[in-house]
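For reference, the structure is listed below as structure tokens.
By letter and in written order, the chains are A, B, C and D; residue numbering begins at 1 in each of them.
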Amino acid sequence: MTYDLVIKNGTIVTSEVTVQADVAIQGHRIAAIGEGLSGTREIEAEGKLVTPGAIDVHVHLQMPIGDFVSADSFFTGSRAAAFGGTTTFIDFVEAAPAEPLLDALAARQAKADKRVVIDYGLHMTITPTDIPKLAQLAAVYKAGCASFKLYMAYSHRLNDGELMQALEAIRDVGGLPVVHAENWDVISTLVARNLATKRTAPHFHSRSRPTLMEAEAAGRVIDLAMLVGTPLYIFHVSGAAVVERIADARRRGQPIYGETCPQYLFLTEDLYDRFGVEGALPICAPPLRTEADQIHLWEALAQNKLQVVSTDHCPFTKAEKARGIEENNFSRIPGGVPAIEGRFSMLYTYGVRLGRFSLNRWVDICCTTPARLFGLERKGNIAIGYDADLVIFDPDHKVKLSPSTLHEMAGWTPYEGLEITGWPAVTISRGDVLVENGKFYGEAGRGKFVARVKNS
Amino acid sequence: MTYDLVIKNGTIVTSEVTVQADVAIQGHRIAAIGEGLSGTREIEAEGKLVTPGAIDVHVHLQMPIGDFVSADSFFTGSRAAAFGGTTTFIDFVEAAPAEPLLDALAARQAKADKRVVIDYGLHMTITPTDIPKLAQLAAVYKAGCASFKLYMAYSHRLNDGELMQALEAIRDVGGLPVVHAENWDVISTLVARNLATKRTAPHFHSRSRPTLMEAEAAGRVIDLAMLVGTPLYIFHVSGAAVVERIADARRRGQPIYGETCPQYLFLTEDLYDRFGVEGALPICAPPLRTEADQIHLWEALAQNKLQVVSTDHCPFTKAEKARGIEENNFSRIPGGVPAIEGRFSMLYTYGVRLGRFSLNRWVDICCTTPARLFGLERKGNIAIGYDADLVIFDPDHKVKLSPSTLHEMAGWTPYEGLEITGWPAVTISRGDVLVENGKFYGEAGRGKFVARVKNS
Amino acid sequence: MTYDLVIKNGTIVTSEVTVQADVAIQGHRIAAIGEGLSGTREIEAEGKLVTPGAIDVHVHLQMPIGDFVSADSFFTGSRAAAFGGTTTFIDFVEAAPAEPLLDALAARQAKADKRVVIDYGLHMTITPTDIPKLAQLAAVYKAGCASFKLYMAYSHRLNDGELMQALEAIRDVGGLPVVHAENWDVISTLVARNLATKRTAPHFHSRSRPTLMEAEAAGRVIDLAMLVGTPLYIFHVSGAAVVERIADARRRGQPIYGETCPQYLFLTEDLYDRFGVEGALPICAPPLRTEADQIHLWEALAQNKLQVVSTDHCPFTKAEKARGIEENNFSRIPGGVPAIEGRFSMLYTYGVRLGRFSLNRWVDICCTTPARLFGLERKGNIAIGYDADLVIFDPDHKVKLSPSTLHEMAGWTPYEGLEITGWPAVTISRGDVLVENGKFYGEAGRGKFVARVKNS
Amino acid sequence: MTYDLVIKNGTIVTSEVTVQADVAIQGHRIAAIGEGLSGTREIEAEGKLVTPGAIDVHVHLQMPIGDFVSADSFFTGSRAAAFGGTTTFIDFVEAAPAEPLLDALAARQAKADKRVVIDYGLHMTITPTDIPKLAQLAAVYKAGCASFKLYMAYSHRLNDGELMQALEAIRDVGGLPVVHAENWDVISTLVARNLATKRTAPHFHSRSRPTLMEAEAAGRVIDLAMLVGTPLYIFHVSGAAVVERIADARRRGQPIYGETCPQYLFLTEDLYDRFGVEGALPICAPPLRTEADQIHLWEALAQNKLQVVSTDHCPFTKAEKARGIEENNFSRIPGGVPAIEGRFSMLYTYGVRLGRFSLNRWVDICCTTPARLFGLERKGNIAIGYDADLVIFDPDHKVKLSPSTLHEMAGWTPYEGLEITGWPAVTISRGDVLVENGKFYGEAGRGKFVARVKNS
């Protein structure tokens, strides 16, 4: 049989196996893995790694937040993702108070569908005004939205009674709850106190959001998940104390999962002390923590105390970030940092090459486990019948990160100057070569919404 | 030297020592312990135990709660306490929204002072309307009120930000926070759901207040205490899951203390299934739990996972209790049960005599540790200079508990028919013989408010 | 490309993936996995599972033990294994006191090579007389023997100083120590005491070998492994207390692995109370334990507290087993039970079908993890370049275990009457169909010794 | 009543209470504690602490060890103890192989009785040759020897089977086992290896006895104690890993107790690197450890992970210590250091004054808990009926430790130059003033053997 496309002689890396062989693609799918396969088109990959396309389960593209909209559109953001080897992302949808949930989903899909260059899914955010709409969750789940975002912080947070109700409803339809865990009552008290005493600089952003209060909130929602009987996925774990709440639950046998993000692995809160807008740029929530937390997070990934690295990509421009500096109010700085393009290579360079974890664990963290937890049935692995989302990764390619080497639109990056060894040479999405040797061949709207199913 | 009063030849039991000797009282104080002491008056105590007067740190006398007032007045309640060997109690004071805290304290003292027959202290409750008054805490502490009640449940609960502020203020004056820990958002959601579906019987009282949500709240306030850097005392621990949160914190070295009450040691939630008002009588919060929890609580006392047994004495009459039955609404039943008289003897009979813990541990739990934690400097021990608050305890005296053998005013007791072996023969308060062989010699108003100091 | 042999349309089950596809074999290896593959020979597998050949890392074939030799020869034992879906086993070699280690290895290989029908490896046992020969380990490792058996029990046990030396030497060559952990001083004291007081029945076999003393020995060798800095694999974990020592070490991050065996998962110590030789048959060491231990072991497999199920297959005939009964001495009963044929199907039936763990975990426990831990580089998985050791497993085939349905030679089985659903239809070893529909097509001597390498 | 002797106006410190009062002594006993007591003799103690006499439960006086005898006789050692505020010590007796245990006890008592100036008890060491004599333990216990020493190290160590038998026998008579826990097989292997490679300096003493192997042995005997069902007391805990094995057992509820000694609290293994005999002087077993271990031990005392500080006082002269240096063999240096005189004051200065623990905890560690654990019914507390063993302690008296300020006979001290603030002004034993203001008033032979009873 002659396949449509065969990647020849690469070193296939999955979460479990490292093996040299050909990968054959027929249509959109992986059709065979083996020796001596032939294709209409063949790409030579000797000396390169062949991995599943990376999956980023936590992304905010063209997200309205107050007066601003996050700087990457569905087009620019998904294109940057493709350059970095990411072939699927999961973004968010949130209904207006009176809006039916399916309408909100359709509207957000409509916005994304014509712009995305890779496949995507959506988490649906459940806010207090959605509690009366929980009966609509079955339809939402059936429409392919299998995970639900619950905030324990900000004005649209759920109180614990609402959290319980949301967790029950999500459990009943077979979905996965994903949670922003911070203790908002404490944070808002500390923010108010700091502002009232003229402690307005970015320095006080992390001082107003103690790691222990992130751990407390994680512990609380883990208790609620135990009460209700549901698995749970905790977003953007930033420090050691939070990791250990998750690890304790897992030791007890609770199905609790945690992710961290590049900002917590590569940056520390010292950055908030930089002068002027520089101190404002790395504002995100939860905030950056200490170097000791950083070390703990890397170890947690190796020890499977945490399961996933996503980006929480949510870029704003320097001008937007400057607002809180000009207003002398750290709480007015829009929160979020970019990472959608660099994540896969950053983890290879500083995870695999530094010996913190293996090649297979890298693929597990970035591709396989995210796919499995979020019900992307045909993504995240190199196996027969899976979508032909693949990266031909050059382990020796060197890149120095900067706005000029990246394709993100924030105009700055917190990783400016970071030396990377290892970068995608080719990114393939459902059999289409999207990026090859730094050139982009995709087009807006070719990506598809992926209907997801119960996590296993 | 000839002392005013000498108790001759008793077996002195303190939290540490069991020894046969005389105890001499001069004025209000213990003046000597030893052999061959002589007194103007002498009481023979051979074959009896001589213990410190018991201390009950959790009592609600003539407490207004909605339409009702708890059934024991400062006089009848403190007299019943004296009959049972308790010589000091700590009740509560709560300021009205606009009322200065010292005014509230003075008013509550004025109400108590003319009625109490034994010494007493007051915990001050801090409600949301008191947050702006936290600067008054130093004066309150100086006035002898060294502990502060914080609710995580009911309408006067504090949110977590307020809790943090209250804990900081209490820490700054050297006080001890005491907490009612339950997750109110979850409870009120469950109560509403149960009532909405006609699950209105007392059975659903405990189903609406899961042990895990009491444990969650305990864990949360323990986290806040860690954040703030303060010791903490958790009221009325009702089940195993709560015990273990406290025990975990203590293993980490946090100064966290826990109490339980007779209702959790002697009763179980099965009682809520009794017919009619009988099922309503044992309504209290946290609710009664399972037999497994009961076993765990007894062991926790032996292992010092819990430190104190108080009563949370808060009696209502059968007529009052019947309201929620008549209204088909378990949440309208006034909560609370009586125990102020029986506690010391109940723990002797079912703790010491059944071999669950030692004589010394009994005294520790009921007398010494409560005194130490709550700053009753001269109470809770038999040592020179301490107040002459003493019990001559007859270890063989048998009593069957019932409204007719007790002096409490609820008109019923949840321990009806419980067989007790061991009862106070004489109760002495600051050198005065208050009760002797079932006869009461005290008078209303002889008890005094005790100014308390920082716990050690 | 047309391959030598293609298994068509089966459901491929690896430790990570379940997918329907063809598997192509070229020569001895898996050459491709995919859709539409064609072969010179094709076997239809629709409705069947295609798994890696199972691996049994703990087997005693024609092992001399005192006056007896275990009942299965390298031929009958390996043939029974093949019937049950096992395509690789690891047996043992032990040098005589004066014998060079390589000579012993060569002699044992010579004995096996002409009889085995599937591939095999050897653990080398290190006894006290081998301590002076530890410098020979590098050569032994180079010869393909990558794991070393250390006894903490029996006359050839190592004391703790010798254990440390052996662990150091094994660490230095990159090998994996495998340990029989029991406290022999305590056991021999208890055996002597029981025999001296006429407690001679099999009942006293398990009473003389307390679970706690197996846990102690496991904990001790875990401490030694920490001191030395080596991974460690603990054989035949029989009870909950032992599991938890391993789990504790793993939580600390130590690379400790544990196996259990069918006897501990399916049988309990009550069997020792059967009359006559029936009570002697299930004698093995460590002994059978309680039902509570059994439950704990199943859960430990699901939770990855234990990693492997092997058999410790070591059969003796009823006549041999009867000796200790006739001599009134439980310690004279030769220890060991058979399971080499049934293991894979027993775990499918009572593990997967009862919902205790997933299909993938079953393959992980029986195939993938054993291969990985023991350096069988090309075994235990279905991936390109791996040996074509495969099982076509009929999930609906029913078997009732008994000597007449099994091919083991003990003449009895402890699992007599056990109902099995799921049995191998075809067993393939390095591309050769060895068993097909109950008929054996292999021949003595076709199996090969597999040189193993450092575990990863 | 006029008592024989009254200590006036001192601050009485017990393990539980700090109170100002008089202490009256009648004959040998404490007869009263109180205000206004009068005595035939009165000693003014205003501004001083009045504590129970200190108890040292681990002492080796005139102990034969190979060619040497420890440098302090029963007279000089007990006199030095009295100078330091210690009024009771427990030494050791060991029977010769053929000697009945009671004979050995009588012989050791005869040697001590005529020399001791304070009261004493004896632990009986059980060696392998005593295993056949275990039936004699009841008589030994009845003769007042209530604790039994078991070695896991040295030539007279017990193997685990013998340990189990000894623990059972001790349990049956109600005694307390006290254990030297180190893994001797590992230690002797490491010692031999070090000597064989010319690593002969004292530096290699601690390298040959890893903390982890002390922890292992402690863990092992804790397992045996669990198997047998007996409490256990672990001698001379030297490092953090050992502490945590004890703490783990205590958390599980096992009655396990641990002591440490001044050498582990004040010295570190760096001392072994001093030149010549200076490096040999602090040789003791277990060896000195690291500064991190030291910090952990101080915290363990504060947290009640350890319960007692004894001395393991076992002095040798510089000439004796020099042997192993001259012979180039660290293992030939006689092990042991002196501390019998300084312990109580050292712990006051560096424990209480530095804020590591309270006054009451100091008395608990040095007096009350040792008395309670070792069955010294009338020692270790200030309470009516207790022996009048008392110290009037001057909290401001400054001493610089050196052979000239101490009364020990080794001729050197490892604490040379240590600045002490707080020293006994008066030491009273059973009502006799033994030391007053640096002058000794006792005489050889006035001390008595104390028959001890079951620990509570």
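One rule holds for everything that comes next: a residue touches a chain if its C-beta (ideal position, glycine included) is under 8 Å from a C-beta of that chain, and two chains touch if they have at least 3 such contacts.
Quick caveat: nothing in here was measured; it's all calculated off a predicted structure.
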item: Intersection of the contact lists for chain B and chain C; value: A, D
item: Centroid comparison with chain A (C-alpha atoms), farthest chain; value: D
item: Euclidean distance of C-alpha centroids - chain A vs chain B, Å; value: 51
item: Centre-to-centre distance between chain D and chain B (centres being mean Cα positions), rounded to whole Å; value: 42
item: Euclidean distance of C-alpha centroids - chain A vs chain C, Å; value: 42
item: Per-residue multi-chain contacts in chain B, two or more chains; value: none
item: Touch-based graph of the chains, sorted into line, ring, star, complete or other; value: ring
item: Touching chain combinations (by label order); value: A-B, A-C, B-D, C-D
item: Of chain C, residues touching chain D in the complex; value: 159-165, 183, 185-186, 188-190, 210, 212-213, 215-216, 219-220, 223-224, 226-227
item: Of all residues in chain A, those that touch chain C in their complex; value: 1, 12, 14-17, 19-21, 24, 26, 30-38, 251, 253, 303, 368, 381, 383-386
